[in-house]
Each structure stands twice: as C-alpha cells, then as structure tokens.
C-alpha cells in the first residue's frame, strides 16, 4: 500500500475522535479531519478565534466575512454553536475544556516535546498563533505529519532540534506510514502501513520505538489528495 | 443648623458626582445618593452584582427577583444599561473603570486607610462583600459616615483601630457636620456645619486636621431622614 | 450520538457526587440561587464538603441546609454573617471550630474561580493588601503597588441557576441572575445547571452566555 | 448632559493621540479589523508607536501601513510572518533592527490584555514554558506544573471594530468579529470603536457585549 496522502492521514486521525468530544483542529492538514468524522459521532469543533461548533465550510455565495475560522476560511455554524471572544476562547483552551487538539508539526520528541512553528526561513517573522496555548491546554494533543522530511530525515526524534512549541504534551502521532503513541516510556508503534518492514520503519524513525503487542495494519480508504 | 441626617449626608455627597461619571454606591447610606443627583447630570450607577446603569427602585408591582442590586433591592435599568456577571463586574471595578465609589465606614485614618467591615460583634461571621475590591479599584473612594460614634468617639483617626478594608485609598469624607479631604498631608477640612466651632470640631476629630483656606459652610436642603 | 445533556431530575443530576467534594454554588444579590440543586445535594448526602459561595448563609439561598445537615467542612465566601442578632447555625459551628471559613473579597473570589476555569493557576491582585484577609499571603510590588498572590479555585461540582438551557447545555441568564454562575460553570469537573426551561432546540448563537462545553447536566425546574 | 460618545469622523476620534502611544488593534482570523481607524491613525501621524495586534501584518489589516509609514517602534504579536516568499516591510525592518518584536502565544496575549483591563498586574500561565518565548521569564511550579510569570498589557489607545454601537458606547459584534476587541476595549485609556451603525437608541441590555463604560468614542463607518 502506498504511503497515505494528506486526506488519508486526516481520515485516520478522525477515526480516533470520540463521540461527544470537543475538538480543535489546527490549520492545514488537521482541519481536513472534520470532513472524515465517522457517521453518528456528534462533535463540537472549536476554532481558536472563538467559534465553538464550527460547521461545514460556507458555500461561496453564502460566505460571510465575519463568520470565519482561525484560518480565515468562511464557515457555517453547527446547531448549538456559539461564538466567544479571544479571551473566552483561550480560557476554554488553557482551562482544559478541549478534549483533543490535532496539530501539524515538524518534529515530535520521544518525551512528547514538539516543534510546529517554522523559524527556519531566514528573516521571516515568527508564526506562533495559538498553537502553544492549544498544546498546553488541551486534554490530549495529537499530531499529523509526514513521517520524514522531503530529504528523508526523521521527524520523530529523541529530542527536537527546532524551537519547541510545547514540552511533554503530544500523546499520539499520525504519519503517512504509521500511528505512534507517545508514552511515559517513549514512542510505541500502534499501526504500520502494509509493505513497510519494521527495519525500514526503524530506519526512518529517529528515536527508539517499542512495537505494540497488538500491532495493527494502518489502512485508509481511497481518498483524493488534498491541497489544503 | 442641626447635624445632617442620613438623607442630607447622601445629598451632600451626590453634589460632588461629576456629570458623565460611573459611580458605585455602597449598601446603606451611600445608595441614597442616587436620589439626590443634581438635575442634568447623566451618570451610570454600577452595582457590584453586575448591573451597569442602575435606575430607580422598581415599583412594588413591577419588582422582578432577577433584576436587583447588590443589596437585593428590586431595581429598574436606566437607558443604555446592561448586566454582566461577577467576573465582569469586578474586572470593571478592579480595573479602574469606576470613577467614584461611595462607601460607608466605621473609621477613616489620616493616610486614607479605612475600616468598614464590622468584625466587632462577637462570633458573628464576617461581612466583607465587595468593599475591598471597590476601595482598591475605584479611581476615587469617598466615605459617608457619622462624624462620631454613638458614644461620641471620633471616627476620623490617626490610625484605624478596626480591621482595615483597604489602605491609603479614601479621598473624601462626608460626615454629618463636615466635608473632609484626605490629602498626602493628612485631613483637610473643606466644609463645616454652621454653629460648630473649629475647636469643637477639632475635639470631635481624632487626628490633626488642616483648615482649607477657602473653608465653606456645609449646607443641605431640608430632607426627611431615611431609614435605608 | 446526538448530544443531550438534559436529565430527568435534580436527584439524577447529583449522581457520582462524593464525600469531600468542593462544590461551587451560584447566587448573589438576591438572584441566581440554585436552590433545587442544593436541596437535591442535601438529599444525596455527601459529607465533608467544601462550599464556595458568595454568602455562606444568604437568606434566599438553601446553603444553610447543607451546613445544618453537618455536610460541610469548610466554606469559602465573601460574607458569612447571619441576619439574626443571635448566632446562625453556621456562626455557632464556626465559633466552636467545627467548620472552617476562608473569607475572601468578593471580586477576588470571582477572579479566583474564573482563573480556575481558564487554566491560570495564580495571579497577583492589589485587593486585600494590608488587611487581615491578606495575612500570610505573598506580597509583591507591580507598578509601585503592593499586590497579593491569589490562587485559582476549582471545584468537583458546580451548581448553577440559569433561565434557559438547550440540549447542548448552552445557558442564558436573566438580568442579575448570572453573577457567579458563568465563572463557576467553567471551573468544575461536573457542572449542573437548573433552569426554568430546558429546550430541545438550540439557543441562538448570539444569545448564549455560557457555552454547553462547560455544562454537563441540565435540569428543568420551572420558575 | 446626555451621554453621547458618537463623533463625526475617524479623524476626530484620533484627537489627543500622541507620539509614543501603545495602540491595541483588534482583528484575527479575517474578521474585526479596525481598518478605518488604522487609516485615520496613519493620517494623524504619531511616531514611536507600540502596536499590540494579533498579527503584525495580516493581509486583511492595514497595520502594515503604519509600519511602512515609519510610525512603529515595537510590535507585540503572536504572528509576524509576511505572506510573500520575500520579506515584508516589517520583516526587513525587523531584520535590520529597526523595529522591535515581542512574540507572544495568542492566548497569553489575550489574557495579558484582559488582565490589563481587569486590574490584574501579573499572572502565572503554563503556556510557553520550556520554549524560546519564555526565555528570561520567571518560572514557578503550581500543582506540579511549571508556569511562567506574565504581566498585564495596557494601552493608551484601543482601535476596535464592532457591528453596532449606541450613543452610550455599548457595543455588539457579529460572529467572530469580536476576537480581541472586547478585551482591548477594557485595557486602554482611550477606546475608539468603528461600527457599521452608531444609533441614538440604546441597544437592548441583553444584547450588549461590551459596556459603554469602556468605550470613549464611536464612529459609524458603514459596512
């Protein structure tokens, strides 16, 4: 099976969202997860600009410049939704009222540290936003990212090399070839793509990783790739 | 002229409320000041239970148990009024957005310390409420109180004997015989009731007090006493 | 499964409340007392409670019933004065050292609860400096002003009175009914609201004052 | 005299704004940018400003005009990344050390402004601990969790976008237009709101999101 594309990675993360939970999806790949929630799960998506209960994207002719998510995308509200100000939104986030946040990242360390604000472009200003607040405040932090960089370097590391977004907070990582838990003992491989040998997987991972006794195959339905 | 009664003291304090200001009136004598505001002054009265823009007391047949002030009195709202929660109310108070609070007190010291929570009744529980927050947060703190205790002891003192409500905050005191400013140099007598000699006044005051160069007579219209 | 936080009775809403719980109870200035829930809590009967309530024994509140039933170990309040000339049951227990009282300025209490709900473990406030209520508290100067360190309050249970709820737990209050309710709703592990009306249909997004995210159970109790 | 905070023009609303002012500017996620007021501030022309704004140069905001006009000494923001591959004017000035940047987690920024408006000089927060943004900040452990000390932000001027105002300065926002506006309104000496409609008649008490107590001037600018 080929490595998962972006929509497939988002789909896989969405399968783990529990019915009735409150979820914040980061800009980029994570936000795609909303489209792949299994039927019958009633979830509130929170956006850190204050929307509690983000619904589907607004149709172009229904777009309202004031009804947008944190990524400035025109949205709708789901039934029971409301909108609060930034103080209220981050009070909710920091106060532990978000069950899960799914974020993008460049690197995740075996102790749960992670880096997702790209400060590598010379002289470009920082882009921190609300990720630090989400990483510290949410009850669980999940990361969606490619398993390796374009040059093939591992993104799962013993220690992050990039500036940290937050320490000791990531609980689960969804990559294009695996699902990995971050436990007090370090990384644990939960699911692996068919066709990727354990040795190859270890070679592509920059830290020791335990293999779950009930290791499963990572599978996802056929989905077109996404550019979001 | 006889010593001012409670309504007259409240009337005198009300004369100093500036047009356009935001004012919090303590329970008891201070709240009477609202009835004596000079015509043409447009003032927002805030009550620390969250009402911003307290209007006149509600007629008995119009009383609504949810529309009350901090003293549980049924009120109306003035035009432009709103109601916030306790966090919002005390954010407004602590944040310096109340121009004047008028409070009752038992003692005021020459450095602006004052005591208004009565802890003298044996084994009765404390009654602190929002007075400490108001005393620290309001831009100006004025006190209305009788000049002396029932036994004739002074309430204006070099140092308070009772447990303090707040330190160094009182700016003006309205008593039944005088108006006194609290300045960095101590008490300054601004107005004195006709018929009270300066010597008598000094004898009834428990701290040194300067006499303003432009000392005026304290006068108030005839008003029935109040029991509030 | 479609979210529906409405439960059939106040008794049901108390399910899981245990001995030793810290209970936040709304109400101030004559409005917003969660009296149906307080009565249900008394009947549920947990012991060794810590009550966080503006007034330990407001005449319009039933908190005194919890105290009289011997269920309360400690009260955090801005006021604990009985109305009668004699001593209230609370005051007698307090005199005899059988109940603990932490007296807090009212705004500091609201802010500590808000901090608890918003993930702020501690803050500095100028309120209370130099008074008996700041005794033993750390003092630090900011901008030339002495401030005391205050810590967050969180609860195991919040009992909140509101006007209307929907099945998502969203709440609307009438006038001064809100007071401590919105902050308390954010600061407890289990938040229960008693409301006049608990409706199936969603409350309009621009009328909601407390998001259902903070509310676990809703009980309709009428006016 | 009847309170009426409406002024005739954005230019008039800038009266009294001086060099060196700290200016809080609302807007985030594509909504709530006070662009008419930002333009009026540019024309008013004060120098050496400190801007407090979520994004230094959001594509939908005119803050970049203030920066390009050389009026800004420092920016406090959670984001300062230009969209183009090359450097923005801000990024060039920043690289050359001609403008200062204090980068703050977004929620910490909101909370610091809220603290400024609510009289809380400082608070502890777990956010940012162990990151570059917490460098030099005091660390203290609460409940086993490392927290950093954060201080309040206050402004000389707040520029806020809202939907409707009344003559008392009460404000209502549409959807996500609110974002930083309500907190910023509380934290500045002079708060100016630009609104679609500035009406004579009072907004209903239960629709008001920001009390006019916090708002000094209101300008109607249409949609």
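All chains are identified by letter, namely A, B, C and D, in their written order; residue positions are counted from 1 within each chain.
Rule of thumb we're sticking to: a residue touches a chain if its C-beta (ideal position, glycine included) is under 8 Å from a C-beta of that chain, and two chains touch if they have at least 3 such contacts.
Quick caveat, the model's predicted, so the values are computed rather than measured.
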| item | value |
| --- | --- |
| Chain pair, A-D or B-D, that carries the greater number of C-beta contacts | A-D |
| Between subunit B and subunit A, distance of the C-alpha-averaged centres to the nearest whole Å | 56 |
| CA centroid of subunit B to CA centroid of subunit C, Å | 29 |
| Whole-Å separation of chain centres (CA-atom averages), subunit B against subunit D | 36 |
| Multi-partner residues of subunit C (at least 2 other chains) | 111, 114, 118-120, 125-126, 175, 205-206 |
| Multi-partner residues of subunit B (each touching 2 or more other chains) | 83-84, 90-91, 93-94, 137 |
| Overall pattern in which the protein chains touch one another (line/ring/star/complete/other) | other |
| Pairs of chains in contact (touch as defined earlier), listed by label | A-C, A-D, B-C, B-D, C-D |
| For the subunit B and subunit D complex, residues of the former touching the latter | 19-20, 22, 40-42, 44, 46, 52-53, 77, 79-84, 90-97, 137 |
| Contact set on subunit A toward subunit D in their complex | 47-51, 64-73, 83-87, 89-91, 93-94, 113, 123-133, 136-137, 163-167 |
| Subunit C - residues contacting subunit A, complex | 1-3, 114, 116-120, 166-168, 170, 186, 202-203, 205-206, 208, 211-214 |
| In the complex, subunit C residues that touch subunit B | 28-32, 54, 56-57, 60, 78-82, 87-88, 90-92, 94-95, 101, 103-108, 110-111, 113-114, 125-133, 163, 173-183, 209 |
| Complex interface listing, subunit C residues touching subunit D | 111, 115, 118-126, 140, 142-143, 145, 147, 151, 175, 205-207 |
